[in-house]
Amino acid sequence: MAGKIIIDTEKCKGCGLCVVACPKGSIVISEQSNAKGYYPPRQANDDCTGCCNCAVVCPDAAIEVQRDDSNRMKAAGHHSKNSKASLVEDRA
Amino acid sequence: MAGKIIIDTEKCKGCGLCVVACPKGSIVISEQSNAKGYYPPRQANDDCTGCCNCAVVCPDAAIEVQRDDSNRMKAAGHHSKNSKASLVEDRA
Amino acid sequence: MSQRVLMCGNEALAEAAILAGCDAYFGYPITPQNEITAYMSRRMPEEGRVFIQSESELAAISMVFGAAATGKRAMTSSSSPGVSLMQEGISYLAGAELPAVVVNVMRGGPGLGSIAPSQSDYFQATRGGGHGDYRTIVLGPSTVQELVDYMPLAFDLADQYQMTVLVLADGILGQMMEPILFEKRPGRELPPKDWALTGAKGREQNIVRSLWLAEGKLEEQNRKLQAKYDQIQKNEVLCEEYRLEGAEIVVVAYGIAARIVRSAVSRARQEGMPVGLIRPITLWPFPTEQISRAAEQFRLFLTVEMSSGQMVEDVRLAVAGKAPVLLHGRPGGGVPTVDEILDIIKELSVSVKR
Amino acid sequence: MSQRVLMCGNEALAEAAILAGCDAYFGYPITPQNEITAYMSRRMPEEGRVFIQSESELAAISMVFGAAATGKRAMTSSSSPGVSLMQEGISYLAGAELPAVVVNVMRGGPGLGSIAPSQSDYFQATRGGGHGDYRTIVLGPSTVQELVDYMPLAFDLADQYQMTVLVLADGILGQMMEPILFEKRPGRELPPKDWALTGAKGREQNIVRSLWLAEGKLEEQNRKLQAKYDQIQKNEVLCEEYRLEGAEIVVVAYGIAARIVRSAVSRARQEGMPVGLIRPITLWPFPTEQISRAAEQFRLFLTVEMSSGQMVEDVRLAVAGKAPVLLHGRPGGGVPTVDEILDIIKELSVSVKR
Amino acid sequence: MTTNGFCEEVIIAGFGGQGIISAGKLLAQTAMKAGRQVTYMPSYGAEVRGGTANCMVVVANEPIANPVVTRPNSLIAMNKASLNKFGPRIKPGGLLVMNTSLIDTEPDLDKTIEVLAIPIDDLAAELGSPRSANMVAIGAYLQKKGHLTPDAAAQALPEVFAKRHHQTLPVNAKALHRGTEFAANGS
Amino acid sequence: MTTNGFCEEVIIAGFGGQGIISAGKLLAQTAMKAGRQVTYMPSYGAEVRGGTANCMVVVANEPIANPVVTRPNSLIAMNKASLNKFGPRIKPGGLLVMNTSLIDTEPDLDKTIEVLAIPIDDLAAELGSPRSANMVAIGAYLQKKGHLTPDAAAQALPEVFAKRHHQTLPVNAKALHRGTEFAANGS
Amino acid sequence: MKTVFARTPSLKDCPTHYCPGCGHGIAHRLVAECIDELDIRERTIGIAPVGCAVLLYDYIDVDCIEVAHGRAPAVATGMKRTNPEKIIFSYQGDGDLASIGAAEILHAGHRGEQLTVIFINNAIFGMTGGQMAPTTTLGQVTATTPRGRTAAEQGYPLQVSEIMALLPGVIYVERTALDGAAGVRKTKKAIKHAFELQVEGAEGLALVEVLSPCPTYWRMPPAKATEWIKTEMTKVFPLGRLKG
Amino acid sequence: MKTVFARTPSLKDCPTHYCPGCGHGIAHRLVAECIDELDIRERTIGIAPVGCAVLLYDYIDVDCIEVAHGRAPAVATGMKRTNPEKIIFSYQGDGDLASIGAAEILHAGHRGEQLTVIFINNAIFGMTGGQMAPTTTLGQVTATTPRGRTAAEQGYPLQVSEIMALLPGVIYVERTALDGAAGVRKTKKAIKHAFELQVEGAEGLALVEVLSPCPTYWRMPPAKATEWIKTEMTKVFPLGRLKG
């Protein structure tokens, strides 16, 4: 498992965009609703690569992505000038 | 003298545009001001062809043009569809 | 429709406008009156009439201006911020003496405020938020049925006096559903619209304008307008009196506030308190005479309105010092309750007795 | 400039604004106040400050909104129809509690009306032509020198109370030239603008807003505004009294009308008539107390205004039935003459004596 | 808020999508057909929407003052958030209809308030029509209050639902009666 | 319009381009420097312009009520249209300065009005400066009225004309005096 | 001798209030001539702008309305939609149409209203005393650009016709100039076409932008103003048919 | 394991009021990320529109202002001209920017104001309950086009970016779409560039039009809304860099 996602279920609105965005089919909507009545997703398998697609499309910034970069090159984000380090390694 | 202009001196504001527009140099500004203090022009020579340029540029519609068409083809105005006869024979 | 139907105020007034012969509706969406625009977008084309969602309220009131100038019955609707944008246009309608109906479903202000119900555009409506000396007739219905009943009147008044009639509602009236009856009643006999722009065929050119540059001409035009307004003040006041017999305290309230006060008055009477209600239905012309007469007779006035106190000025002007005029105002979307009004009435009853 | 100079009102007030530290002027041309815009287009860049001819009055008041939110002193000017277009924006300024100075050089209305001088935007200015419960401070100078003197005050009041100050002038005041003196006087001590949008550096985010959706929040905000307005009503009334000693008739007039009345009063006094003048300088807050006190003492009030009767309502509210309040109104660009006022005063003197 | 005679103020609240609006309209329509005074008021608290919806219905014998109900006689709470928000506002002696399919906690209310705990969603699901939960709720409420009959409500159904939904009328009528039944029998 | 003491109300009128505005401003500026109360009011009758211009100046010892002059003590009429419009408004006992270079008719006015007929344009042209006609007029007017001196007016000239026109100051001063001279001597 | 040019009947027989050499007078005449030639006087409604041409109705003898500054296209929409058989034209200056009224003209075009719009671009606010218009050229001195317009401060002159031509609802856009007899004749042709489209019921808005002299606030004699259009203005506002 | 994606600091740690699947949430995050990456939080002022995004300031942790409907570009002008060193961005919907605010955005562009404009085109008025926007597509059913928009009645969808790109004062225009991960990444790149230009002091206005889902009033589930952008919306609003 190279990647892992952490879902803030109380911010999630169960829109399912992350499910569709995941190239690995690693996300499914869960059966348990949150306090607002939405059904947040959960990680369904171990195929996650940490590609961040799910987090990138999430309208509620409810997904955090972790990745084990020990045995691969550091993803070469395009760093714009004027840029500052940030927690969003996924850059356009 | 193929053409003749009649100037409504009380409508004229002496702008002089007709003077510039006449290809025959037939118009000059007169020395006599009208009631409003403007100096209307007058026909200065017999070269007028009745081309209507002066009337076409007059901002105050102060010029009427007459023409002796007996010995020339009737000016073939472009008649738009839907058109009705009018006193403005000069058509675009 | 001659059977009671359950409809929300916004849709009901829209249907009533259609029944009143509204030829064209122009409007820009804004809460809490979006049901009007949506309803009109469906119904007007069904009737072969004109509906346009305009690009803004400026455009909406201008489209009304255009349609009205050709002799058509035209209307628009909006809510507070949108109506503020129409103030120049309404002043032009007044200057050009064109008939128009404008509905304002008021919400909390100032600024973006809120979408809660409010009555804080009273000044704007009755004093003319636009420039110049002009008035608009202002109707303040307090039930959905009244909304329905006053739309035809609004169009008739507009045509009769060639001016804008404003229908002042609020978020509650617009949103709430009540059983209503659509009844076809005969309209007024109206003067011919011989001033309308219909093409100068067989007559001289008609001109609709509000600019009068020649010395004294605009003053004359203003005096003509004022004379018309005087007529209206004499002939068109509408006002309801409730339980004034034997009263000592008179509550003055309009619109949704008035129906709440009505309940409070009814309960107060049961408890033996000497209180009645005067409910202005036309906010301009204001029932100044009625209240002035009442001031000869009753000891205390209480104005209840959903604002920081606007109509209270008209009440004070009418009472003219003959009795104290108190205010219970709920600004910014607050809605008074029957209980809170009852409490105030109780306190006042005690003080009146003393 | 410490020497008398001859300047027209429009240019003089513009220069006074610059001296008062106006950081930015935004405006759209309209007669009879074009000299302000033209003057600012030349002088503001000279001072390294901002001038923009906006695309409209909507844009102008919005630019003021933006600049004011960053803590700058910003102003706009216009005339009646243009000010009508600013009503939504002024309501937003009130809701967001931003300081701003707006000059209205009034002309005849309604509609396009005329460009003759007028005072018929009094209602709009003092009651809020926009939506919601709000007020603007309204200054009504009556000479070019006063225009100059009240511009710094306008900016100070705006900053102190975080609200719009309207300077109501008219076509005559704007166009006429009079000798004036620019004097640097100390301004008020003003609260820090810690609410301004300057970038969230070393502090929490600042937010400038007028929307309050949470239940009760907008009502609370409104009560806060009203409390502020009460303060102003207590502390900021300006009003001139002239020849009230031994008077029986009091004329109330402001602005250009007041200077004409002043001459008439002076002449009437020479002829032995018992007449004085109360001249409101702040139109809101209105000198209600002063007039109310006067009503205890004097027998008759006459309001002279260049409208069909707007300020007269404030006079009536203040007098509250204690004395008759008459009106001499000249709407639509009419300017009263000293003679016509004198004639009225004469007639009234006779009736008062009877 | 009127004092003479009967005046019933109800709040119906739940998630958007639970049919809160149609439930309220049905109640209002039924009351109107029964010749009562009635008002219906949707929530429009914010121009922007969250996940919740509510509406207010007032049924009375006299003209109704204010359609905005601050202190209801009855609350139909379709989910927990609604119960939390409106529960404390119920008048003493009032009624709470509580959807136990989605509410797992006991409400902490005035003792004088009658509580009808009913698994609304489950009952609707059993009928094969989860979307009819709102009707189950109305049926149960009417049984408890008795000011209008479930039959009258069933007759009003066609006026509340758009034509294109009229195939659902029978199952909605069934749901109404299922609610009534449960309220009467506790099962 | 003030009654105490001195109050002189003047209208200056003519074609646009005849320097009406500067003439008025010069009068006002001169009065200010002399310590008088003064107002100056341009015509702004229409947003749109015709061929005419006028302005109003009031000079007084007391605060001035209204800068708009409806009935002038004095009229400087630079052309016929102006005379027709404003002539009838001159107060009895007033003064008319009339530019006979452009006005060929006799004015039909109240007998108490003093008329100074003066060929203003011709006099200016003789000085080689036709555009100084306005100054000739002011000079003549001041001579007749005497409340301010032509010299004081000449001293005020630099403040009325923009710097870029200061080369015209000498000829304008000359024109002022030419007007005075004519008014004094009738030639 | 035969009269080959005289005032057209729909142009009222009275002097105008315009300055000597002002383009409005010419444009008015052309509009009146087109109305007469198309024989639509009895079903035409004209919309006067707020601008020097506000008194349009004093000169053109058709039913007319005077409207709030910039709102002519919205007023026209209200008229035409309720009276499809009438011929509606609006006549607007560059302040009216391109500054305060930018949203209204854009949206009338956007909706494809069947209207004829005569847009008089004189690069200035005439009526209010010569302030900058959106179409004022770079370097042009006006009452509000005393040091001349610069791109950095006030932006480049606004090309309204180019923008309008982008809109699918706009079916005809032509820019012409009142820069002499030939230009006036071309302008008339364009105005006539813009009317003809509406007469024929073509679906969409027709706009003619007319470059027009304002000698007064350009601070030049009329003849020079005509020249300035030719040499300077047409550089910024190229003439020709942009659409339709 | 290392955190490679987390909430950026300028995005406040709270839930939003948006509907599930709404594009505003994504766009907000992108703006906040750009602000943090460019390290301009302490000198940025954001302008909230009237529209669903009116509470922008509740989510983005910079100084913010809420302004009258459609007037953001004018407010921004007032701010930037008096505070050239600040970074001013406005965030506007299609009702706000393209309908009521058409004149203001056009003129801010015309004047070449140094601003960053984020234009959220969701082809609908979201906040007021799903009425037609100028950008609503043909056939689209909305609360005010119950039979679907038609060109004859309401005109063709308004292509704002194409118009803005015409203005010399506008230096950068790009249209992107929130139609999946790739689209979101491209959108962020565009927004960042639009900010960078202002940071660098480039003279003119930068606008990014973002095609954004409104599942609620498109009456479709979020995933389908994303699809609809790809298949339908981009046909009317072609993606790509239009200028700069």
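The first chain written gets the first letter, and so on, giving A, B, C, D, E, F, G and H; residue counts start at 1 in each chain.
Throughout what follows, a contact is a pair of C-beta atoms (placed from the backbone, for glycine too) under 8 Å apart; a residue touches a chain by one contact, two chains touch by 3 or more.
Treat the numbers as computed from the prediction; the structure is a model and nothing was measured.
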item	value
Smallest count of steps, each to a touching chain, taking subunit A to subunit G	2
Chain whose Cα centroid lies at the greatest distance from that of subunit A	F
Distance between chain centroids, defined by C-alpha means - subunit A, subunit C (Å)	55
Between subunit C and subunit E, centroid-to-centroid distance (C-alpha), Å	34
Distance from the mean Cα position of subunit H to that of subunit A, given in whole angstrom	24
For subunit H, residues contacting two or more additional chains	18-19, 54-55, 66, 68, 99-100, 102-103, 107, 110-111, 127-128, 134, 154
Residues within subunit C bordering two or more other chains	31, 55-56, 81, 88, 92, 96, 111-112, 115-116, 209-211, 213
Residues within subunit B bordering two or more other chains	13, 38
Interfacial residue positions of subunit C with respect to subunit E in the complex	4, 6, 8, 31-32, 115-116, 171-172, 175-179, 256, 259-260, 262-264, 266-267, 270, 335, 337-339
Touching residues on subunit H, where the partner in the complex is subunit C	50, 54, 66, 68-70, 95, 99-100, 102, 125, 127-129, 131-132, 134, 143-147, 154
Subunit C residues within the subunit G interface of the complex	23-24, 26, 50, 52, 54-56, 58-60, 62-70, 72, 74, 88-89, 92, 96, 197-202, 205-211
Subunit G contact footprint on subunit D (complex, rising order)	28-31, 34, 37-38, 41-42, 45, 53, 55-57, 81, 111-112
Subunit F - residues contacting subunit B, complex	15, 50-51, 79-81, 102
